[in-house]
Amino acid sequence: MVNLEGKGGMKREGQRSLLEKAIEIILFVGALSSIIIVFLIIAYMSLEAYPALNLDFLLGWFWDPKKEMFGIFQIIVSTLYVGVGAILITTAIGVPTAIFLAEFCPRNVRNVIKPSIELLVGIPTIVLGFFGLMVVIPFIRDNFGGWGTSVLAGWMILAIMSLPHVISISEDALRAVPNSYKEAALALGATRWQTVKKVLLPYAKTGILASVLLALGRVMGETMAVTMVIGNPRVAWIPTSILDRAKVLTSTILLDWSYVEIPSMHYHSLFGIGLVLFFIVALIDVTATYMVKRGVIK
Amino acid sequence: MSWSSLQKTFFALILLAILVLGVHNTWTMSNLTSTVYTMQSTIDNLNSMLGNYTQRLEGYLTIAGSTTVLPIIQTCANLFMQENPGVVISVSGGGSGHGISAVSAGYINIGMSSKNLTTEQITDPDPDLQPVAIALDSVAIIVHPTNGFVDDLTLEEVEMIFNGTITDWSHFGGSGEIHVYTREAGSGTLECFEKFFMKHSDITGAASEKTSNGEMKATIASDPAGIGFLSVGYIDETVNPLKIDGVEPTVANIKTGAYKIKRWLFLITKGPPTKIEQAFIDFVLSSQGQEIVEQQGYLPLEWFQ
Amino acid sequence: MIGAQKEELIIKIILWIVSLISVSSFFVIFLYMFINGSRVISLEFLTTAPNPIFWTGGIFPQIIGSLYLVALCTVIAAPLGILTAIYLSEYAVDNLITKIARFFIVTLAGIPTIVIGLFGLAFLAYRLNLGISLFSAGVALSFLTIPWTITVSEEAMRAVPKEYREAALALGATRWQTTWHIVLKTAAPWIMTGILLGIGKALGETTIPLMCGGSGLETFIPRSLFEPVGSLPVYTFIFATQGNVSSAYDRAFGGSLVLILMFLLISVSSLIIRNRYQKKMRT
């Protein structure tokens, strides 16, 4: 850039470019250190997890630290079961709410509801877990039977947790549809719902799907609220009904970290769980990000 | 304009920081003992500079481990901090396993444990660890207070419930599935329970895991079909402790030996304790500390010496 | 056409009902916490230390502890995050290395907190021997918010139209002058919003302070960075799950409500900043 400025004031020019250089170096160091931090986390986790990473770990059937059995297959399946179920509920409730807010809601009502929902994105999950403990678990125990702590309770708490996220992003996606599209459909005599079904939803599809996927990642990585309501049987199993209890990846780490011997196979296995969890969530996130990028270009 | 809003926000953040610091200091200062402590520490600093260091205790202790020992140590720590304003003590749970491994690795000052270092569960114990027995405890089987159909169990019945042979309360004249709760694998309470009750088998994999005595008590108190086991120090009217072979798990029965389940509680340091660690352990072993042991529902050492 | 009208009506009713369910679910939770929590909150509750033996007392050290944690986290995360974002968006050449770096950052923005907690405990607290302390927890929390800050800030800077930069450069401004006066100035409110949301995230985080910060029941305010610190979410967790007396549940409700209010305060201010900016952009 400096070259473009001509030859006048060589000295000042020199100081300036020195400053520029200094700033660039500072920026580079800053960027480097945060990237190093990011790599450090992944590297350290991998290093500690390395001794535990084998097929027995990933496909092993039982997690029973007392018997030196560290198989997480059932825990992974439980995690997917709990996460996907919660997200289906979220989608079933959240997307219609987003459609309602974007298209059918009176403007003044929307102006109140939309910001309040945005406020709730990232509400402390401990509050939701506590609500689950005090209200949802006794409710399930009294009305459906069983232990109370169950997959169903997990679904309800996680669905509530991810709802604001899905509603808010889906609504944004729906409103990003150019007005001309909508007006054209309406001018052709389509009803509002027909417009939504034929024009808005296909257009906003990728955005909505991406928000749902991102929410799935959050839900599977959630620790506190889930551990409080999911029941955690001593030896993990694949739940057979929605009133069964389950053990998920996050709750296994949280329950076991306190008494683990350092170093031991158990300790390495906990890092292995962390790494597996990280990869599952990262895979989902990357898919979602890719979809958003493709959606934006289109 | 937007730049100035950034400036404003930074300004607000700085103000907030000043406010927080102010409140912090006022709060600390409003405490008379703390004010004395600040003055005292200034004097101490002067003294130490003059090579005339006084014997006042100062510093902080981190203590973690068994939630069985936790109530005793928490109470002792609070009193100890009142008597020695220069000391802060952070007490947390985590279970005996955590206490032992954390103190062995040097992450905490004192580990609390309700299991002995010599038991076979601890593979390769650190030879540097120095346990000090501070009290005795016992483990009781507990159910929900409204559970009217079971009051007395034999050792065999307890084992059959916990290994999953008996799964329904109808076996005892009640109805409904039995909800078995257990503790995490590092727990000293679990170890004690298994030693006395689970002689031939393992606890069923279907049992729900709880990570502290407090959580176990809270869970049983809210689940009418639940059964679990608890350190006797935690027992209150919210849960119903069961008789074992006709003997109630009361302090008197444990003292006479009629209720056979008994275990020692330990504080563990790595190597010889430092001055401040020693002062705290001495406090727990003093008559004042042992009174707290009894108040909290545990058994003081002197009863068994 | 009549069929379509009928369908429209049915759909409308369904949408009303579903939306009512989803909106009321938050309302119910908030109301539940508010009703139960407001009974507990008093000046004494807010200004005294907890008494973990009888499950009584207040939450003062926890409130301050939470603020300390969030402050430490922001002091680390905000400058690092913004520097990185500036470098990535304004300086770095688009090559494979920056692409990989960006990919990792985006991925880490969604990293489960339990993983960071585990890392903080094993690496910071144990390996680096920083102990279970304010410092370990604050640094671990900043690992949670650094990727978030980078992503948000970079998005904000990339949203600044190219013409702005080109105009400034054409006028003879250096690269840094352009970045500082044009790009940062335009993107500032968005960055601010991102940082505030990151603060909200860190404030409500339970797992990390639980694993690397302290027991949550500390009766004192840390005097140095290396002393254990109590925080509000951990306090709420311990009181909610371990003390089954009514005074413990009451305090857990109180803690929850204070936490919600602090969280809302932060998100409201971030929304206000964003909305003011959006309005300005339109006019």
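Think of it as A, B and C in the order they're written, each chain with its own count starting at 1.
The definition used in the following text is that a residue touches a chain if its C-beta (ideal position, glycine included) is under 8 Å from a C-beta of that chain, and two chains touch if they have at least 3 such contacts.
These figures come from a predicted structure and were not determined experimentally.
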item: Between A-C and B-C, the pair with more C-beta contacts; value: A-C
item: Most widely separated chain from subunit C, with each centre as the mean of CA atoms; value: B
item: Centre-of-Cα separation between subunit B and subunit A, whole angstrom; value: 35
item: Distance from the mean Cα position of subunit C to that of subunit B, given in whole angstrom; value: 32
item: Averaged-CA centre spacing for the pair subunit C and subunit A, given as whole angstrom; value: 15
item: Contacts with two or more other chains, residues of subunit C listed in rising order; value: 126, 241
item: Contacts with two or more other chains, residues of subunit A listed in rising order; value: 262
item: Residues within subunit B bordering two or more other chains; value: 93, 105, 222
item: Of all residues in subunit C, those that touch subunit A in their complex; value: 4-5, 7-8, 11-12, 14-16, 18-19, 21-23, 25-26, 29, 32-33, 79-81, 83-84, 86-88, 91-92, 101, 103-119, 121-123, 126, 143, 146-147, 150, 169, 172, 174-176, 197, 200-201, 203-207, 211, 233, 236-237, 240-241, 249, 252-253, 256, 259-260, 263-264, 267-268, 271
item: Touch list for subunit A against partner subunit B, complex; value: 64-66, 137-138, 141, 146-149, 231-235, 237, 245, 255-256, 258-262
item: Subunit A residues within the subunit C interface of the complex; value: 1-2, 4-5, 16-17, 19-20, 23-24, 26-31, 33-35, 37-42, 44-45, 48, 92-94, 96-97, 99-101, 104-105, 113, 115-131, 133-135, 160, 163-164, 167, 191-194, 214, 217-218, 220-224, 228, 250, 253-254, 257, 262, 270-271, 274-275, 277-278, 281-282, 284-286, 289
item: In the complex with subunit A, residue positions of subunit B that touch it; value: 93-98, 101, 105, 123, 177, 179, 182, 184-187, 202-209, 211, 222-223, 225
item: Subunit C residues within the subunit B interface of the complex; value: 47, 51-53, 60, 64, 67-68, 71, 74, 125-126, 129, 131-132, 185-186, 188-189, 191-192, 214-221, 223, 227-228, 241-245, 273, 276-277, 280
